[in-house]
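Structures given as structure tokens follow.
The two complexes that follow have chain A in common; it is paired with chain B in the first and with chain C in the second.
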Partner chain A sequence: MQAAMKTKRNLVTAALVAPAAAWLTVFLVLPFIAMLVFAFGERAPEGGYQAAFTFAQFANLPTRAAAFWNTLVLAPAGALLCLLVAYPVAYYLAVKANPRYRLILVSLVVVPFWTSLLVRTYAWMYILGSRGIPNLLAMIGIEDVRMLNTPGAVLLGIVYGYLPLMIMPIYVSLEKLDRRLLEASADLGAKPVSTFFGVTLPLSLPGVMTGVALVTILLLGEYLIPQLLGGGKVFFIGNALVDLFLQSRNWPFGSAIAVTLVAVVVVVLMVAMRIAWKVAGTRQVDLV
Partner chain B sequence: MTKWYRENAPITADKLADELMRLKRGSVTRRHFLGVTGLGLATAVLSRQPGLFSSTAFAGDLGTQMSIATWPNYHDPATFEAFTAATGVAVEVNVFGSNEEMLAKLQAGGTGWDLFVPTNYTISTYVKLGLIDELDMSKLPNYDGSTETARFTNEGIVDGKTYAVPKNWGTTGIAVNSSKIKAPVTSWKEFFDVAMTEADGRAMVHDYQLTTIGNALVSLGYSFNSVKPDELAKAEELLIKVKPHLYAINSDYQPSMRATDAWMTMCWTNDGAQLNRDMPEIQFVLGKDGGEIWSDFYAIPKSAANKAAGYALLNYLMTPENAVKEHIVNGAPTTDSRVLKLLPAEVTSNKIVYPDEAALTPLEFGAAVTLTDPGRAELMARFKSA
Partner chain C sequence: MRVFISSVYLFLYAPIALVVLFSFNAGRSASEFTGFSTAWYGKALGNTFLVAALENSLMIAFTSAALAAIFGTMAALGMERLGTRTRAVFDALFAAAIVVPGVVIGIATLVALVAVFSFVNPALATIWPGDQPPQLGLGYGSIIAAHGLFSMALVTMIVKARIASLGRDIVEASSDLYATPLTTFRLIVLPQILPSILAGFLLAFTFSFDDFIIAFFVAGSKTTLPIYVFASIRRGVTPEINAIATLVLVASLLLILTARVLMREKKSKSGE
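Up next is the complex of A and B:
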């Protein structure tokens, strides 16, 4: 009787999990296997893939060292910059803002996402180009300022493009904050600043971690912003991949870089999570 | 209908009446009449649908949409609007920066293009890879091989079969904003020198191996088409030395040149003509040490979903009356003597568009091997990721 019930429950669980499992298999596992197979192959004479078993593609990885370096430095740097800008905004929205207007303010953060990032990045090309801010600067006597196609422009584009993704998780974790804890902290004699660092910040860390992880992972695949605001000179892994698949038609090398990037991301995430959980003072959770 | 609509229609009501009177008087041929009015295409289409004289007959035959893959700033948008007005087929335009990118998309499959604009040196590879169809010339009555210049049709013909027909030809030169740069720029050697000095931070090169590597090779005294490893290594050294001084690596250079963010760029004839027309201080110069002469073609991918519409648009574009409007907007020289006759004198006398034969002598057509050579592909990728 009990065994029958257990079997039934297992069947229900399987039925519930099946769609997600099928989705993961078709859209994540199979493409990844294909990518692995490609990574050990060779570039066909006219481009594309031809079957082989060679480590040559991986041996060639150092030629993309600059792209790896840019990505692995600028992605976390961009995420941290996003965090610095996003935290005060999220704090204001969740804690300080008048609840009557909170929904409107939160919508204002989300609404830009309804427009394609491509269009918004083109707008920045205009603002940073010599008809934009440099033109205004020239009016007050500061001549020949170059803004577009610089690493600074890329960082600005990154912060602008990914800010809402950082604000939202932090906002959500701050919104759930139990106000009575803040009152208790005050009652026990803590000043607002120590309440913030002793209570608010630690309790919002899950949101911060989610935001940093989300933005960093998305940034690792970024290519549009470096192309448009960096003039194709500030090269990310994403740009290297676009080039390898669309111009050099070297699928095996592109796949090897993509596989390596995935491996690096997994390692970076594991390390980051461990550090973050330690900082948060929470019990170690086995993620992997 | 708005005024805007009528302006872009193939023909206005007044003009139709005029042409009808000319046809009645016998001063134009029936073919001319059908061609200018767009009725020729309509009747051709309708004749295959006996008894179905409704707009759905168009839709049934040519579909309601098609897709073309082409280059930035390469067409008169009114051309596609007029084609849509005449046939009911909406044209989706996909813009590309290099032939390599087009080839990669076609190799991957499922592009949905019904017509595309490959450059001379790619066609033999497309044929070899089985990516394009031999053209059915009976579906292109408006194309006339006898009025084309052989120099520009040759590479569309492989093993005696026509796989592509020319759109126009052109050169790859240097666009210089003369109000910003005083140093002389008359060769690729000077281009790279000035890019590192007077135009520091203001020069652009194409995001395109053929021209960027080709012109670097030319500046060093080598062939535009070289695939010799030692010569490519020298070109790579030069490009990596220039890179920190560049404004951008981008084939869509018109916006930056117009905004004067960039002062100098590698430039194709048609863009040079457009830039110079709107901003006379931007001059177009051919490298006296060499560079590229090219012709672009129209071809139909084997994988095209709507070949009927692909042929219909191609035939429409081959009509001299339609092609001439394209040339006036696009600025590139024509390969078709029928179109040349119709072009206004200020276009045909423009030295950017129709340079002296002597200026063309040092130029080279791109060679097929440059498209598939892994050395050049890898060099470009290394240059960009350096």
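Up next is the complex of A and C:
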């Protein structure tokens, strides 16, 4: 009787997780294995994949060094710029804002993140394009300013696109902060500035870490922002991948780059978690 | 401080406002506002390619989000009952589905499906009785599957969080009162997790509706709305694109607001 109930329980459990398990296997695990296999293959003469076992694709990685370089420099730089803009906003929302309007102000920060990144990014094509700000500058005599298709434009797009995602985790960690600590600090004679650097900032570091890690990881696979605002001059690994798969149809090389990208993401994630661990002590930090 | 905060909000909304404003421009210009008109909306909705892309996007978003909501909820419920080790494997896979960049998910799905097709299609051709054997290919199915992967992970996470905060005592009371597990689920558990499931569904719908990069890889010859918009941008921005973009923004906005209301309801209930 007991055993029969246990078997039934196990069957129900298996039935509940079976579709998810199948989906994860067929559309995550197997594709990843296929990609690994492709990465050791050769490009077929007509494009696509041809079976082989060679490390040539990985040896070729330096030919795309520019994409890796741009990604590994501009993604963290963009995340840090984001942080510089986001921190005061998160601080204002969590500490200074009138509680009555806080929820509305927080929602107003989140809403843009959930609307189409494609649309929001192309708006900047317009503003930075020759008929936008450069046109206005020309009217006051500053001629020939090029803004679009520069690293600056890509960084601007990154800050714009990912700002909400940086503000939220910092806001959450600042909101949880115990106000009595701030009062205690003031009572003990600390100036507001010392309170900020001695109490507020250290206690918000888990949120800062989460934000920087989240944004950096998402940026490593970014395609749209460099494509639209970098115009093929400032490109990321994502752009190289689209080029290799959809234009030059060099699937094995593309797979090798994709595998390397995932390795980079894993390393960044591990480093971020290690730092977060140190910063937060034993407190749990959710990166995802 | 005030000035800085205000300028950040301006920074966040000015580009969006500009797109919306120019969608109502009477002229063709994308830099000079020459008068108010809704003509571009009519033009956009009269564009058969665009409407087809919109229909594709809606169908794909609905199907992938619905599948993700059903299977993701089942997984969240089932994972509760799993042993620690199996649960850890699931957690890792779901985390991977969220952390792996979309561009890689797109590529991996493309590569795997093409490998499968190159094997299945000839096999199908040999055993097919008729003259024209069906050809498996990229299209709706591959986009739904790839979007569903991320969406399912999202739904599972949201529903799992809700389940974790659910009061066990009511569930126990229910079974003490001789309710069958199914009745307990239907009357006690489901009403409590339903808002989270719906929120997960709407977030998944929005994700699929807005996704460009995954669909770009696995769409084959099919066109979704973001793919159409992307292609149009490369031909040059017109007020018609602004009209479409405005419609896309409004649609995502409505879905997100609904999702947030549902998630908030969840919070206020758990606060009781």
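As a working rule, the second predicted complex is superposed on the first by the 239 of 288 C-alpha atoms of A that agree within 3 Å, B and C clash if a C-alpha of one lies under 4 Å from a C-alpha of the other, contacts with A are read in each partner's own complex, and residues count from 1 in each chain.
Criterion: a residue touches a chain if its C-beta (ideal position, glycine included) is under 8 Å from a C-beta of that chain, and two chains touch if they have at least 3 such contacts.
In this text the structure is predicted, and so the values were computed from the model without any measurement.
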Partner chain(s) touched by A:L148 [first = chain B, second = chain C, both, neither]: first
Partner chain in contact with A:P88 - chain B first, chain C second, else both or neither: second
Chain B versus chain C as contact partner of A:R131, first or second or both or neither: both
Contacts of A:D243 with chain B and chain C, given as first, second, both or neither: first
Touched partner set for A:F235, first chain B, second chain C, both or neither: first
Chain B versus chain C as contact partner of A:E46, first or second or both or neither: first
Contacts of A:V215 with chain B and chain C, given as first, second, both or neither: neither
Contacts of A:V111 with chain B and chain C, given as first, second, both or neither: second
Chain B versus chain C as contact partner of A:A75, first or second or both or neither: neither
Chain B versus chain C, judged by how many residues of chain A each one touches: C
Common ground on chain A, meaning residues reached by chain C in one complex and by chain B in the other: 48, 125, 131, 245-246
Complex contact set, residues of chain C against chain A: 1, 4-5, 8-9, 11-13, 15-16, 18-19, 30-31, 70-72, 74-75, 77-79, 81-82, 90, 93-105, 107-115, 145-146, 148-149, 152, 156-157, 206, 210, 212-213, 216-217, 226, 229-230, 233, 237, 241, 245, 248-249, 252-253, 256, 260
Chain B partner contacts - residues on chain A that touch it in the complex: 43, 45-48, 63-64, 66-67, 125, 129-131, 146, 148-149, 231-233, 235, 239-240, 243-250
Complex contacts: residues of chain B adjacent to chain A: 98, 100-101, 103-105, 107, 125, 128-129, 201, 207, 209, 243, 246-250, 255-256, 259-261, 372, 374, 377-378, 380-382, 384-386
List of chain A residues in touch with chain C within their complex: 9, 12-17, 19-21, 23-24, 26-32, 34-35, 38, 48-49, 85, 88-89, 92, 96, 107-112, 114-120, 122-127, 131-132, 135, 160, 163-164, 217-218, 220-224, 228, 237-238, 241-242, 245-246, 251, 254-255, 258, 261-262, 265, 269, 288
